[in-house]
Amino acid sequence: MNPRNPSFAEDVARTFAKQPIMNLIGARLSLVEPGVVEITLPYRADLTQQHGYLHAGVVTTIADSACGYAAFTLMPAGSNVLSVEFKVNLLRPAQGVEFVTRAEVIRAGQTLTVVRADVFGIAKNEERELVATMQGTMICLHK
Amino acid sequence: MNPRNPSFAEDVARTFAKQPIMNLIGARLSLVEPGVVEITLPYRADLTQQHGYLHAGVVTTIADSACGYAAFTLMPAGSNVLSVEFKVNLLRPAQGVEFVTRAEVIRAGQTLTVVRADVFGIAKNEERELVATMQGTMICLHK
Amino acid sequence: MNPRNPSFAEDVARTFAKQPIMNLIGARLSLVEPGVVEITLPYRADLTQQHGYLHAGVVTTIADSACGYAAFTLMPAGSNVLSVEFKVNLLRPAQGVEFVTRAEVIRAGQTLTVVRADVFGIAKNEERELVATMQGTMICLHK
Amino acid sequence: MNPRNPSFAEDVARTFAKQPIMNLIGARLSLVEPGVVEITLPYRADLTQQHGYLHAGVVTTIADSACGYAAFTLMPAGSNVLSVEFKVNLLRPAQGVEFVTRAEVIRAGQTLTVVRADVFGIAKNEERELVATMQGTMICLHK
């Protein structure tokens, strides 16, 4: 996929840094390529639900941000991206010392971009297990 | 809808208190009835995305918890509830001094319960605007 | 909701008549109001799956068309409508002598419109039971 | 993925033959492997919407059946499968001389199985284009 914005990587990093929620939960950008973005989130006890697993809303928070930025890498310079909708299937209890979500653009349109994100729990021994998968739609707001 | 667990309200309150993420973001239970749960979240700048709106993942966090607890009110005593999947449509920028999500059970089955949640942004003048809507499936884990 | 196209009802009826699939399965428009459309489908054995219930794809076919037309009633004259995405929860076996789907617009935007549709199975004694519910996004293609 | 039902392929073929809707629209099973099923549907004008593209409901019909059978290949002998929910993103106008949907199991659980299906339009020159993608949940009813 061909980025139309030559400084897409800097622009993703810049707007990621402006998302206070990413700072609150301790998430960081770990990969930015055309149509692909990964976000990494270390486990923290204050991000969990009643059984000690990462809350589905936190799983969604990193997956949604990764989807938005993956879409954004293919948009023209100066665009804004917003989430239209997403669907998440929770496949296993979200456990691990760290979580990584990888979002990939499936279809980049002029206005709408469809993105898929997988979320993996990483165990101490570095084994990764798919814990959730998202399919969502992002919209490009042209300036 | 007829609760099979006479102490459903206490049980919801008790397990809500065990969700560390609710404490982190500052959410509180504001209504618990058979098949209906509301959660209230005051606006905080550290919960936002790059435009200052509540991040879609935080919107989802409170909607998903409300859905889970709404399903839980109708489950037998001693059950556990887990989210199977949900879909969220983001309808307007999530702005307001406070957010309220109201989840209502659409169909309570033996194993699966389908729930809908609306999320409202409340303005200073107390006007409420629908900012997102969730349709999801919860599963009952019988002890 | 205020229709911007004064002849929305005729336009819905005209394009509905141009959907060959509606004719194949025997569906008919049964209500057209601003932001609301109903489609009725009599039971037919050749529309079923292996247990004799209406196939989930047929349930979706009428719900999706109703959502598209409900969105269309609020679009400017001369617009086209396309489905962007939808999510369907199947709540009960789809049985009945007739099925009715009712779609209502939740949020009509300039480009995207979010619609919800319920699908009911109607028994011989005229009792109706909710068998499925759809939440979807429609896009307006301006001519 | 390891099938627990040694005659899964025959069982899929047998129950597919019992879905009258597949006969009505002219769909046929084209691949059955453990966790993977493909269904092929030749274009027919009576399956289209008002622009001559395959109706989204028909796209969904074959994708949903493929998902159900893909899940079924991994279930114990004598099980029944039902669709719990699915979400479909429509990526391009569904055009082609033939359509193929390929469903693959993402996660097979004891009760619930999550499946993804892509739907391709095949042009005269045999080029295939992704027109839709489904993410859904199937439930196993143990006899």
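The letters A, B, C and D name the chains in turn, as written, and every chain counts its residues from 1.
One rule holds in what follows: contacts are C-beta pairs under 8 Å (C-beta built on N, C-alpha and C of every residue); 3 or more make two chains touch, one makes a residue touch a chain.
It should be emphasised that the depicted structure is a prediction, and the values quoted were computed from it without experimental measurement.
Following the contact convention of this document, A, C is the list of chains adjacent to both chain B and chain D.
The pair with more inter-chain C-beta contacts, choosing from A-D and A-C, is A-D. Distance between chain C and chain D, defined via averaged C-alpha coordinates, is recorded as 22 Å.
Averaged C-alpha coordinates put the centre of chain A at 28 Å from the centre of chain D.
With centres set at the average Cα position, the gap from chain A to chain C is 33 Å.
Listed for chain D are residues 84-85, 87, 89, 114, 137, each touching two or more other chains. Judged by the touch criterion defined above, the protein chains are all mutually in contact, each touching every other.
Those residues of chain D whose C-beta lies close enough to touch chain B in the complex are 84-85, 87, 111-112, 114, 137, 139.
Contact residues of chain B toward chain A in the complex are 15, 18-21, 23-24, 45-51, 55-58, 60-65, 80, 82-90.
Against chain C, the residues of chain B that register as touching in their complex are 87, 89, 91-92, 106-107, 114, 116, 130, 133, 135, 137.
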